[in-house]
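Okay, so chain A shows up in both of these, paired with chain B first and chain C after.
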Partner chain A sequence: MSDNGIVLAAEDGVEAAFIGWLKETLNKNIFDALLIPVGTPAGDSFAYLLLQEPAILDSASPLPPVMPVQGGKAIGRLTMRENPSKRIAAVVRPCEARAAIELSKLEQAHLDNVCLITLDCPGVLPLADYLVDPVAGAARFKEASAQWDRSPMRPTCQVCDHFSLRQAPGCDLHVGTLGCPDGTAVVVAGSSKGDHVLEQMDMGGQDEDEQADFLNTAVTDWGTQVEQVEEAQTERRRQAQEDLREEIAGAEKLLGVFSSCINCHNCQRVCPVCYCRQCYFESAALKLPAENYLARAERKGALRFSPDTLLFHIGRASHMALSCVSCGACEDACPMDIPVGQVFSLLGDRAQKALGYVAGTSLEDPLPLVSYEMDELHEVEQPYVEVYPNQEVQDA
Partner chain B sequence: MSEEREFVPKIVYFMCSWCGTGGAETAAAHHLRYPENVIPSRVNCTGALPAVHVIRPLIEGADGVVISGCHPGDCHYDDGNFRARRRVALVKSLLDTLGLEPERVWFRYVAHGEGRRFVDTAAEFNDHITRLGPNPLKTRSDT
Partner chain C sequence: MPEGATSSAFASERLQINQGAEETVRELLRSLLESGKVNAVLALGRTGGPSGGVAYSLFRDPEAFGADGDALPLLPFMPANAGGLLSRLTLEGPVAEPVAAVVKPCELRAFIELVKLSQGNLDNILLISSTCGGVYPLDMGIDGSLEKKLPTYWERMEQGELDDDVRPTCRACESFVPEGADITVALLGEADLDTQCTLHLNTERGAAFAGDMEGTTVSGKRDSEALERSLDERKAFREELFAGVGVGLKDLIHTFGRCIGCHGCKTVCPICYCRLCYFDSQNCERPAGFYEGELARKGGLRVPSDTVYFQLGRMAHMAISCVGCGMCTDVCPADIPVSTMFSKVGAAAQAVFDYQPGRDVTEEIPLRTFEEEEFTEVAT
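Right after this comes the complex of A and B.
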């Protein structure tokens, strides 16, 4: 993070100030297009718009109350084939930016011409809760997020510990609102790309020393507050994951959790880091002759149809857990209210910890399964002993 | 003879086509025996063994899965065994988180000439799984 930054202030709120600033970036030709959430015309949801006309920005909503589409997926869709020829700023939440970074490492997104702009995120409401009454939902979100109260948010958001630039350092620009006085926010750069944007936007001419002091104080206040919240959130997350593990560990409990699964694979479809063109779990590898199912039914006594539910969930985890950014999109998409988001985020956190990786925090850290160290993970190597304890008993 | 039927585990042994299976060949040349309930399965390289192929047998009827590749530095493809080690760590982490007994998966290097080590591994893992008991998932119809 550099010292470069600006303080946004407006009487009609931070959102308006930020949108005004974005408009200026378009007018000054710093960006050619913006990818930003905008309320749908029907007024009951939000969608990412790739917009080039500054006037449309007036209806934009940088922090919508719900996440119907994961922003990382939107960025992936936009840039999967190549680096766009124009400069695009993507205004997303930190988990969405992290998903975009993972996709870029998986070669499913090209971020050279994309500037990731994130905001301090208070979480989002569960999609189902919001859709019951979008107007009341929006009001509930506004009230809760003003006080950084995460209780009405999704379970994964309630225990999110990656809500700001500090924990998502791969972002190019970040708008910090935590700890800032009402109506103000700081915009800081997370990368040289972001730095460059701030330099271009710098109007100069004003009393620079005074401005720098003001900025420094604001950034320090923001940083302190973020650290405090992070500490509390880390503890909440640890506790929640401990409780969750208690609830799901073991064959009996685990099968109980997934017993209502209807094999719709929605969790896979909405997952930003599940990018395979042909999902293994929907491929011919799992569409077998009746003989196979009969043999398995004979062995087990019976076989549930559709089969391979547990294989799908654990197998999918083996594919995406190391890139999981705990966004919770899967849980929003589950029609059966299975806590998939919480389960995958637990699996992801622990697997990433085991392999010394944090998904989406840096473009440089190599993906754990395509890299290795010679001297590591000796705990998974089973040591060989010439005579193992049980053998003596048998030989005797 | 006891009335109860003794538990004979079903074990899948994945071995790479260079060192792991080489160890098995050496064992055969020396007429070394390993338990008959261990089912050998050859993969080109343990680094190319998908995690799903370890998880699937554990759900569908195996009591344990053991994986053998070349010793560090000996891999036919230079680094397949290092990649395999990471993938095994991933599978073990997932199984551990879900309370599904990560000790049912073993990863041990076996070189081409180590026939003794190959049969010892098969026998030791067999005893280990016998002590551990049947895999609870293999009789569940609701997987």
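Right after this comes the complex of A and C.
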């Protein structure tokens, strides 16, 4: 994070000030286009819109109450084949930016001309809760987020510990609101790309020293508050994961968790980092002759059909856990209310911790699976007989 | 559907059995497995232990159909359209030995439609279905409310009525009497379902497999006033339901505006059998330049794009074969009435060709038939 920054302030709220600032970036030709959530035609949800007309920004919502599409996925769709020729600013939540960064490392997004702009995130409501009554949902979100009350938010958001620039430092620009007086926010740069934007946007005219003092105080207050919230969230996350682990550890329990899965694969389809065009589990590889299924039914007494339900989830987890950004999109899309986002978050955290990696926090950190270190993971090199003394005797 | 149409699907022979419907079906399936007459039974059952869910399984162990067994063959729930599952089972070729399948009428129609689309094989599949009172939505299977509803469900079934909480798609279904089943279990409008059961043996195969059951064989046509009444009620509900959704382009943009692009509707649709949907394919992975071009033209565009295009494309591909099973609505995380829209369009498309999907395996799919004299009005 650089020292560069500005303070946003407006009588009608931070959102209005931020949108005004975004309009300026278009008017000043700093960006050619913006990718930002905008209300849908029916007014009952939000969708990412790529826009260049500043006027459309009046219906934009930088922090909508729900996350119908993961912004990382939207950025991926836009840039999967090539760098856009236009300079695009993407206004997304921190987990969405992290997904975009992860996709870029997986060569599924091209971010050279994309400026990732994030905001301190209070979480989002579960999509199903919100859609019951979007007007009431929006009001509930507004009230809760004003107080940084995460209790009505999605379970993954309730225990999110990557809600600000401090924990998602790969973003180019960040709007900090935590700890700022009502109606104000700080915009700080997370990268040289962000720095450059702030320099270009420097409007000048005001007393520079006074401005700098004000900014320094605001940034310090914001930073202190972010640290405090981070501490509390980290503890909540640890506790929640400990409890969840009790509920899901072991094949039996895991089978129970996924027993109501209907194999719609919505989780995979909405996951920003599950980028395979065709999932292995939907491929011809698993379309087998009837004898295969019937033989399995005979061996086990009964074969769940479609088969491979748990295998699908374990397979998906092993493919993407290292890149999981805990966004919770999978859980939102599950028609059976399976805590799939919480389970994958837990698996992701553990896998990433084991390899000293945090998904989507840096463009430079290499993906663990494409990096090689001579000295790592010695604990799994231990011979079986040392890990499980006497087990061989029992097995025999 | 002409007058008295609900009974036309029944053959003249039926078996009256002095025990409840659930018991009868369990005993039939258990004896079929025990005697080795069938190799396996596809039916609903509990999975993942007592607190687990409900899923289709291929049951091989007869004990699954014992009084405390895991199978739940008549549960009014549809976690997957079994037509799609039968297609998966027989995609690579027919089963070598008989397999029985307990399916709802819309699942049966889906399977027959898939067979016509060369996605499955009917050989050696013993189809057992029932007069259907609809199923409860998926979310009622999550919180235990389905289980609590069952006494009401069966009480109302005896009265020939549908519970108000079954899916709207089911309440609007006109095809609740299975056609093409080997055995039809009479459920809707049958008094004393816990002590009496009537099995309609519609085919020779059905008669052969159910022949060992103890009961009285009765011949002669049997009209069911209750089925006729249910048909009228469902038609009225259907009209109301269809009137509530528009399917013009503006309506589609409005309603599908909240679509999250999960394509779950396509994944659970039994008719959408493509391994890789066009809309998930490389054709829809566009270079950034494409979006920039659209942006210049329109000033703003939704990303990911193709939201309504996907729905229209899917509709164009499968509406003629849509069996109205309602899985698409049930699975939708954005609560979009997908099935109502697709059924409405499907019914209109099917009417043009006088085609009813899944009615008869020998009936050609309209897109595969050619008539020299048709649609002259659009040929001008």
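Here, the second predicted complex is superposed on the first by the 382 of 396 C-alpha atoms of A that agree within 3 Å, B and C clash if a C-alpha of one lies under 4 Å from a C-alpha of the other, contacts with A are read in each partner's own complex, and residues count from 1 in each chain.
Note that in this section a residue touches a chain if its C-beta (ideal position, glycine included) is under 8 Å from a C-beta of that chain, and two chains touch if they have at least 3 such contacts.
Remember, it's a predicted structure, so these values are computed and weren't measured experimentally.
Partners chain B and chain C fit side by side in the overlay (superposition on chain A).
In the superposition on chain A, contact is made by A:42 with chain C only, not with chain B. Comparing chain B with chain C, more residues of chain A are touched by C. When the two structures are aligned on the shared chain, A:347 is found in touch with chain B, with no touch to chain C. Once chain A of one complex is fitted onto chain A of the other, the partner contacts of A:303 extend to both chain B and chain C. In the superposition on chain A, contact of A:147 is made with neither chain B nor chain C. In the superposition on chain A, contact is made by A:321 with chain B only, not with chain C. Contacts of A:255 after superposition: both chain B and chain C are touched. Of the two partner chains, chain B is the only one that A:280 touches; chain C does not reach it.
Our summary of the superposed model lists a minimum C-alpha distance of 5 Å between chain B and chain C. Chain A residues in contact with chain B (one complex) as well as with chain C (other complex) are 252, 255, 259, 297, 300-304, 309. Residues of chain B that touch chain A in their complex: 50-52, 55-56, 59-61, 72, 79, 82-83, 85-94, 96-100, 106-109, 117, 120-121, 123-124, 127-128, 131, 136-143.
Chain C contributes residues 39-40, 42, 45, 47-49, 51-61, 63-64, 70, 79-80, 85, 88-96, 99, 138-139, 141-142, 253-255, 257-258, 260-264, 267-268, 275-276, 280-282, 285-289, 291-292, 295-296, 299-305, 307, 330-335 to its touches with chain A in the complex.
Across the complex, chain B is touched by residues 245, 248-255, 259, 280, 296-297, 299-304, 307-311, 314-315, 317-319, 321-322, 346-347, 350-351, 354-355, 368-370, 372-374, 376-377, 380-382, 384, 386, 388, 390-391, 394 of chain A. Contact residues on chain A toward chain C in their complex (touch as defined above): 33, 35, 38, 40-42, 44-45, 47-53, 56, 68-69, 73-74, 77-86, 110, 127-128, 131, 252, 255-266, 269-270, 277-278, 282-284, 287-291, 293-294, 297-298, 300-306, 309, 332-337.
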